[in-house]
Every structure is written in structure tokens, then in C-alpha cells.
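Alright, structures below, take your time with them.
You will see two complexes here that share subunit A, one where it goes with subunit B and one where it goes with subunit C.
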Partner chain A sequence: MTLRLHTVLAALAAVALALPLAAQDTTARGVRIGLTYQPGTRPGVVVLPVNGANGDSIRMILQRDLDFGDRVEIVGREGSTVADVARQQGGTMNYPLWRALGALAIVQATATASGVRVAVHDVAATGILNARDFTLPTPGLSAGWRMALHGVSDEIERWITGTRGAAQTRVAFVRGGRIHIVDSDGYGERAVSEQGTALSPAWHPSGRWIAYSAFGPRGTQIIVRDLQSGGTRVASPRNGLNITPEFSPDGSLLVWGFGEESGTDLVAAPYPGGGDPRRITVGRGSDNVSPSFSPDGRRLAFTSSRAGHPEIYTADVDGANVELLTTYLAGDQSYRSNPAWSPDGRVVAFQSQVAGRFQIMTISLRDRGMKQLTSEGINEDPAWAPDGRHLVFTSSRTGTKQLFVLDAETGRARQLTRAGGARLAAWSRVLDRTP
Partner chain B sequence: MNALVRRIAPVALVATGACFATQSDVRVLQTDVQTLRTERHRQDSLMLQRFDELMASLRTTNDTVRALSDRVTRLQGDVRGDLFQMNQQLLQIQELTGQSQRRLQELRSSLEARQQDAAPVTPPMPPSQTPRDSAAAPGAQLPAAATPSGPPAGSPGPNQLFQSSLDQLRRGSPGSARRGFEELLRLYPTSELAGEAQFYIGEALAGEGNLAAADTAYGTVVARYSESPRAPTALYKRALLLQQRGNIAMARTALNELVRRYPRSDEAQLARERLRTMQ
Partner chain C sequence: MNHRMTRTLLVVAVVAVASACPRNTPPPVTPSPTVNQDSIDAAERARREAADRAAAARQDSINRANAAREDSLRRAREAVEGVRSALTAPIYFDYDSDALGEAARSALDQKLAILQSNTGVRLRIAGHADERGSDEYNLALGQRRAASAKRYLTQRGIPEAQIEIISFGEERPAASGTDESAYAQNRRDEFEITAGGDALRSPAGT
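Take a look at the complex of A and B:
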């Protein structure tokens, strides 16, 4: 009887002690999104070897995309250890072992007849976090197949970190007077315009059209190229200097710089309808170029020389509320230009002369705090990725002008193009309906 | 035979006589022609000389006119260049002034925040003790907060309110921003920021999608703060809202009013172009 009582009391005491422990919010030490991980660290992710057709390519692309996303740390990048461990485990998942190897998530992909089946395991919770079948276009390893697989990577990144990646995108740029496009991982580079004098490409949000300026029989015109059909049309109705085009975030407006004797002003025309362009800026003889839309499409950042040398200004799309964004110093000969409004709307990236060389900087729209992001070589023409974290820019750090991608949060940079003379990059939106 | 001679003789005599007269006449005529030719040649030479003189004179005049024209062109260029430089300097001054004003605005805002931090906190009034109750109590004084002449003690200053509301608007919270600007107008109706605050109420309302109320707010800027630098912008915004809502006639009226009242503003330039293309 006494023994039974003692047993009951001991059980009650154990429950009483266990309750407060169970009530403690263990997530307070970390951030609960998809996985639990310590703030300031990146969750370790293992991409297991992929069985089936093009398995090695699938694994390599997924792994590289997750790495380039800069939100996770790839564990066992080279694969031999991971492959060995996976092989030893057979079909079962030894979560404690993966945890010991530093993984918080495991990406398990299998090639299927229609595409790929992906399961992401939460190592801490010892179970599947999310799983889904993805359809990939045929043939395998084609440009469309790769782009669709980048979309799978982005979705995996969303499952793990809560934020979608930006792998399913392309970058347009200029090399040798032609517009080229390249996948966000540096693969699939190809020219999309004829030999000529093309400059300043800008993506339509749908990813179907690219606008750029090119010298033709009627002066410098804005050309819009359909990436599906390859057809082009002139979007600037007036002869003269038409440069630096940019589409509004909803794609319904095309804005560019139109130059006359009285300076260059920004003008806007509906897209694709066209029509007579409407003036946005009143430059009074100055040059106003390089527009960049705010994410809500209501405001524009642009370069203007109205106060003497080029600085960054903002204005409403209807031309009102013009404000100087960067700091203007009288007598200062250095200048700032080529703004790019971040997709989260908080900062504007631009190029600024620092000790006579252009460097990439950002300015906060709230407190106008500036941050220098580059220092090696000459760095110019920034453009944001749709994730609002990465920037593509032109850099001379390797000796020739190349495109580099910079993680604005960590400062990690990677080279995107290898052949020389690449410049004036523009990053597309997510191309989930790839043309 | 004699008869024939008799007949021919007078005819021959007449013919020979006539012949002598013709030769003389011809000589006279030749002399006259020669004289005429000489005279004509002299006249031609004179005319040619005068023509040459006239041409020389014309050339001189032309050169003078051309020189004058060049001078005028140069002068025009110089004046245009000077005007452009003056415009640039004016714009620079405007930019610097605008920038200084923004900095001053931020400085004032932070000063107000510090003053507010440094000010002694007024203990909150018990819920049952209304101002009337305290006034009724002997020797009791109304706290500064309750006086109708000023804002409550410890409340943020106009610059602070303006800055924080503007931050809200920039961050994409038009509702919070509008309430801040409205509070500014309620507490500091005579502040120099009142016109700006009223304008941004219109902006916030437009951001919230309340176009009718935004129209009214912009109208208030023009009516109540017509000297504010925001007045032409408000009038322009009002015209665009009217156009957006399909009221083209009213939009045209607003644009015309803008051009008439603020002809040198940037918005007037934009309005003129809108008026040309508006249908």
C-alpha cells in the first residue's frame, strides 16, 4: 500500500516537474519558421544524392541554388560523405547522425517520369517538413527544364527559411552592343538581340519582353523585344535620344529618358498600348535618366543633374513631389547615379564615386543612412534580385568588366559571367511562367 | 537715139543727185550713230561703275549686318548661357535650401524628442477627477495639458509628429500616417508645418484608396494654405484624381487654375502638357 502511494506520489512529482519544463517555449532561443535554428547562423542543409534520370544534375542544381541563396549552409557539398552516410542508412533516415553532421534539414529528391519528387526532412523534429511532386518540362537538361528546377530550389528554400529564393530568374546584360541573358546561376548564356548598339536592358515583369535602347535610323530608340517570338517593335514614338527604359512593377507603364535640345526628361507611355509619351520630370535643361520604380509602382528614383552634378532623386510617377534623396554637397565634384529601388522598398542602391572610383552603395529611405557595399575595383550599375537581398552589378575586379552577384547582408560575392565586357545588368522577376 | 537720150538724161540726173544726197545723209547718220554709241558706252560705263559702287556698298552693308548678326547671336548665346547658369545656381540653391530644411526638420524633431524626454512627467489624472472637478477644488490648477491654448504637456512637438507620420507614410502605413498628421493639425493648427501636414493627409488618403476624401484634403491645402509650397502640388494631385475619377471638365478647370495661379511651378509645366493631351 505504502509502496503504491509512494509510486503515485513519485509519478505526480515527476508530472509536476515535467509540466513547467514542457510549458517553457523552447523556440525562444531561436526563430521558428520552418526549422529551429539559432539567430545569426544559417541552418545546415544536406541535399541527398538523387536517384533516377539526370539525378546528379538535379542534385547539383538544387545544391548550388540553395548555396547561392545565402540563407542556408550546404553540408557535405562534395557529396562523398553524404553519399556514404545515405547509402549506409538505406531507406531509413538516421536523424541523430545527420544532426551530428550539422544538418538541420535534409532534401531528399527522386527523379520521376514527370519531373521530381522532393521531401524536406526536419532533423530536429525527426520527420518530414514538407513534400511535393514537381513537374519538369522535357527534354531533361534543357533551358526550360533547368529553369523549372530552379523553381523547385526556390520552393525548398521557402519551406526551410520561410522566404522564397531567387534562383528561378535570369539576368539580362550588354556585351559588345548586344543584349544577352543568363540564368541566375550563370548557366545558359545567350544573345537575344542582333549585333548593334544595344544598351540598358529592362525586364517586363512577366519576363516575356525586354526593353532596351539602340541606335537606329531615327536616332536612339527604345526597342521592346519579345523573347517568345523574337520579334521587336519601337516603343518610343518620337525621334531623338530615347534611353534607359524601365517597366512599372505591374508592367502597364514604360518609362524612359527622352532627350531634346532642352535637356533630357523622363517620359512615360502605357504598355503595350503605346501612345503619346507623357512627361514626368521638369528638368529645365538638365538630364533626368535611369528611372527605377518603387515596389508599389507609385514613385520613381532617378538620376538628375538639375542641381549641377548627377544625384539621386525620387518623385511620384505623375511627376509631383520631387525630392533629393542623396546628400548634395556644394562644390563636390563626385556624383551618384543609376539608382535601383529594392523590392522590399526600404533602400535604394546606386553607384557613387568614392576616391574617384564608382562603388555600390545603398541609402535608406527612412533615415537616409548610407552603406557602402563594395570596395574592390570599380563597381557600377546595380540591379536587385527579386529576393531583395542580392544585387547584380558590373565590376572590374578581375581586370575586365564582369557581372558579379553580391549578398547585401553578408557581403559574399560570386562571379556571374566569365567572358569580358559584360555590363548594365537587369535582374528579372521570378520566371515561373518562363517564356 | 536722141529721143532716147533725151528721155534718160533727166532720170540719170535725178538719180545721180539723189545719190549724192544719200551719201551725205549716211555720213551724218554715221556720225550720229557713232556719237550715240560713244554716249551709250559712256552711260554704260557710268552705270557699271555706279552698279559696282552699289554692289560694293551692299557688300559692306551685308558684312556689317552679318557682323551685327554674329554679335547678336553671340550675345544671345551668352545670355542663354548666363540664364542657364543662373537657373542652375537657383536650382542648386533650391536643392541646398530644401536639403537644409529637411535637415532642420529632422534636427527640430530630434530636439523636440529630447525636450520631451527631459520634461518632468505629469502624473496622470485619476479617472474620476475630471478637469471640472479639479477646477472646482480650491487652489487646484488645471494642468497644462487641459488648457485650451496649447497641447497637453508631454505630447510630441509638431516637428516630431510630422517626422514620425512621414516615416509611417514612407513605410507604407498610410492610415497611421494620416492619424499622425491629423493630430499635428489638431494640436498645432498654426504650425508652419500645417500646410505640409494637410497635403500629406491627402497623400495618405490617396494611399488608402479613399479618393473622394483625398480630393477634399488636397482642396483644403489650396484653399487654406495657398502660399504653401505644397499648394501647386496639391492642385495638380487634385486634377489627376478628378481625371482618374472621370471628371474631365473639373480636372481641366483645376489644371487651368494651377497654370494661372502658380505659372512658374514644375506642376504648371506638367499641367500645360496634360491640358494639351487631355480628352
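Take a look at the complex of A and C:
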């Protein structure tokens, strides 16, 4: 053991000499939340082994959430070296050693009777950056316990980077005609609607309700399901085509596409009050579907075929001031659809045909600059995580339709679902009040 | 009362006398006639043959009548099936389009004539799309395709109430596969008779 530790220390010393230290941020002015580290780099973070009940699970979940957040670099992921070094140090932190290992922050968690106690060490400042006791619901490892622990991860991410993570969230999607939900890390997948043909789930900002469309004998209806009680109600008062629901950011408005015999227009009804929907778009026989709200709730991005083939438009929530957002290419059979307004309000993600295959792109609302984010397989139906940098979308890259999560900044992608056919994902807000 | 009793006694007496008689009279002797057995057989044979011929003729006429009836039933059934298949034959569309091409219009003209002769028929038109577009947009496209066919019929006099429309988008493909031939089969309107399909009549003049 001693020999092995010596080997590790020698290796670390070599690394420390070879690499410039990343922690020298000389640009910081005034108060800044989180660690100081060079822009464009990701701070290295070590998650120490966790003592107490379910310690291994706690460490694994915290470490994976921080990794999926893509804002930090996990150091010593496999844990054996970290465990050895930590054990040798006993109760004291050997900051220079961790620094040599590439860590700027050390997450030290201990399971307590009521939850978990977390301290985050700032390696450069050689002291505790932040510490707190978090309460976790019982029993351990339950769905509610996991979701609360994801909230701990998100708070740790905020301490370190200044930006809250988005691990304490779920993704709703369609598989086999039923709405499913899954935790942001891919665990806890379950169906929440009956057998049938349900499509286009949308989260209420509270996380309590999910709206979706469902085929019925007299057309397609908008159903709102209460995830707490399991109860449902029909939110669309008229027979016909009722599709692609979306809640406003404050949850007070439900917008969807309604079609009878002369195209499909966006309509809006108060939520949960209901009442007669009022028409938003004037499509004159064209299709106007897939609405997405701007974060301030004032504008909508949507798919419209009013100029021939589908493009992305924006309009005020009352339908005024319509603008074409994506470039209309005359004679081009390809099209753009399924917009998702980013939570920071700066870009709209959408799908666009590139050489006959859909790919995920973003367009800047400031200068209309476009970025293509995917190229492997067919990629559709983007939806933003509340952190504004991750997107969930449907991809055919594995041979079947599955959900993938993409970090729009680094391009790193991970697979969220694995069982047959998943599509039309919607990402919840942070679920800090939902069990 | 007295009269009835007297009559009853009289009847009993007459019956008693009559039943007593045969015992006292010997049976009459009747001479047996001379019989020609051959002529009897011939007559019997002739009678049977005539009966057989009559039966065969009767059966033939029954068979002929049955055959004629079955034939006309079959023709009627075939005619109804022809009407039904003309009424429910799908029509097809170009990519991302609800425009009715020549073949679609000709198929709709046939349906128009049938609907005009069968005012009790209710029709449901279901619009479908191929899998290449957006899942969500394709629902609206399917609705437009169904509405397009309905409009063609109602603009030519079919009452609104006789036709309902629905869209299944790309959710219920008719053909699996990822080539143009499968796509072309999936960009369609399907026609389903939802009422009045049991007594379909051929359109007038056909």
C-alpha cells in the first residue's frame, strides 16, 4: 500500500511539473460566485468516497450529475486512486496534492441521518468554498430520494461554476404510443399514459402536469394529466385536430394547434381555467403547429407552411408581428420545423433537412447565424434543458429512434433512452418541489 | 229430461241389435277374378316412369330457378363489392402536398357518383403522411389531405354531414420501408364507410 501510494505521488509530482496550473484567473473583478478558473477550461473536480448509508450510490450519482453537466471535468472518475489518496490523507486535505492531480474543487459528502452533508473545497484557496446539510426523503434510493440528490448535485455545480445544474429534472417522451417520463440521468423510466396513440408531451412549469395529444374516435384531443393523482382531463373543447400543446412559462396559458377543414392554426386557452380557445395565427389554410414560448412568455416560435413548405416563424402571443425566422429558400423541398426557444432567449433550436435528413440546428435571434449541431443519422425534435446548454432530441444513429442529450457548447452527446423507439422529448423545469 | 233418457235407451238398443247381427249371418263368398300379372307390371312401370320424369322436370326447374337466383345474388353482391371498393379506394398525394392529382380526382369522381346514389352512406376520410417529415407537422398535413378530398366532394353537392375527416399523420403507415415506393403508398387518404354500408346501390346509369 505504501509502495503504491509512493508511485502515485511520484506520478502526480511529474504531472504537476509538466502542466501549467489552470487555476490562475487574473481577470476576476469584484465578487464572483464559484471558483476562479481560466475561461474556456473546465475546472477539475474530485468527488471523494462517501461514508455512511448508500455512500457508493451517493458518490456515483453526484459524480455522474457533475459529469453530465459538462461544466466541470471529473478527476479520478474510477475512484481507486482518489480513494487511496483520500485514505492516506485522513481528515486533513492535502491541497497541493489534489492540485497536482488536476482538481480545483473537492466534493466531500457524508451520509447523515436526515440526508447528506456536503462540503466543497476550493483547492486554490486551500479552504472550504461552501458547505451545507441537505435533507433527503426516505427511503434511500427511492425515486424521490434520487431526485432530491440530483438537486444536491445541481447546487454543488452552482457553488463551483456559478450556474445551477439541470440534473434535478425529468424528460417526457413518446414510446409505443404512450407518454413516458425518465430522470435526467436515464433512471426511473415509466409510462404515465394508457395504451393508445399519444404524442407531443409538454411539461407544465410546475412539473405537476403534462399535456399531450391523443388519438380518439372523433379526432385528436389535448389531454392534461396530473402526475400526482394520475387523473386526466380533456383540454381541447372542440372535435377535430388538436395537437402539439405547450404551456406558457408562467403556466397560465395552454397553446396548441387546432385544425378542422382549412388548415391548422395555433390557439390559446387560459390554464387551468379552460374556456373558449382564441385563435393566435391566421394561417389561411396552412399548417401552424409546434409552438415554443420565448422565456419572457411574450413571443412564440412555431412551424408554419404559410409560404409553401414548413419554416420557423415567430409572433407575439396574440398573433401580431409575425416574422420569418429561418431562411426561405424558394424551390427548396427541404424544410425546417419543431422550434425550441432556448431558456436564455438567445437562440431557437429546430430541425432542418440537410441532404434529405433532419439535423438539429440553432439560429441566433440577434444575427440569424445558424449552427448545425448534429450530423450522425437522422436527428429531430429538439428540446432544451433548463440550463440552456443541453438539448434532448430524437436520433436514429443507433438504428432505432432513441433520445440523446447534447451539450450545445462542447458537442458532447450521451444516450438517454435505450429500450425500443423513443421520440418527441420535452424537458421539465427544475423539479425541486416535486417528489 | 224424460225425452232425453228415452232417446238414449233407443240408441243403445239399436246398437245392440246391429252388433248382434254378424254372428248369425255366414260371410258372403266372393269369386276371385282372373289376373294378368304382366299388364299390371307394365302399367306400374309406366306410372313410375311418368312420375320420375315429372319429378326430374320439377327438380330441373327448381335447380334452374336456384341457379338464376344465386347468379343474380352473386351479381348483386359483386356489384355492391365493386361499389364498396370504389368508394373506399385510397387516393395518393405528392410529398408535402394536399393537391389532388388527376388520378385522385378521377377516383373522387367515382366516389361522388356513388355517394349521390347512396345518401344514407356516411364516410370517414383519414389523411396520412409518409415518415420523412416532422411527426408533428405531418398530423396537420394529413388533416389537410383529408380536408382536400372532403372539399372536392362537398363542393359537388355532397352534404357536409355525410363526410367526417381525421388525420393519422405518419403514425399508421400502409407500407413499411424507407424507399420512395413505400413513401408513395403512405401519402394517402383512406375512406371508411361508417354507416349505411349494408345496402349500397350502384350509381345511376351504370
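What to note about this one:
The rule is short, and it goes like this: the second predicted complex is superposed on the first by the 399 of 435 C-alpha atoms of A that agree within 3 Å, B and C clash if a C-alpha of one lies under 4 Å from a C-alpha of the other, contacts with A are read in each partner's own complex, and residues count from 1 in each chain.
Following the convention adopted for this analysis, contacts are C-beta pairs under 8 Å (C-beta built on N, C-alpha and C of every residue); 3 or more make two chains touch, one makes a residue touch a chain.
These numbers were taken from a predicted model, which means no experiment stands behind them.
Judged by the touch definition given at the top, the superposed model places A:Arg306 against subunit B, while subunit C stays out of reach. After overlaying the two complexes on the shared chain, residue contacts for A:Ile210 are found with neither subunit B nor subunit C. Contact with neither subunit B nor subunit C is seen for A:Ile106 once the two complexes are overlaid on the shared chain. In the superposition on chain A, contact of A:Val322 is made with subunit B only, not with subunit C.
Legend: residue contacts after superposition of the two complexes on their common chain; A:Gly345 is shown touching subunit B, with no touch to subunit C. Contacts of A:Arg284 after superposition: subunit B is touched, whereas subunit C is not reached.
When both complexes are overlaid on chain A, the residue A:Asp296 reaches subunit B alone and has no touch with subunit C. Of the two partner chains, subunit C is the only one touched by A:Thr244; subunit B is not. Here subunit B and subunit C are compared by how many residues of subunit A each touches, and C touches more.
Across the superposed pair, subunit B and subunit C both touch subunit A at residues 285. Here subunit B touches subunit A in the complex through residues 84, 87-88, 91-92, 94-96, 98-99, 167, 170-172, 207, 233, 236-237, 240, 266-267, 269-270, 273-274, 277, going by the rule given at the top.
Residues of subunit A touching subunit B in their complex: 276, 278-279, 282, 284-286, 296, 298, 306-308, 318-324, 327-328, 330, 345, 365-366. Looking at the complex, you find that subunit C touches subunit A at residues 95-96, 132-137, 139-141, 143-144, 147, 150-151, 164-168, 171. In the complex of the two chains, the subunit A residues touching subunit C come out as 177, 197, 199-200, 213, 215, 218-220, 240-241, 243-244, 257, 259-264, 285, 287-290, 303, 305, 309-310, 333, 335, 337-338, 351, 356, 358, 380-381, 423-424.
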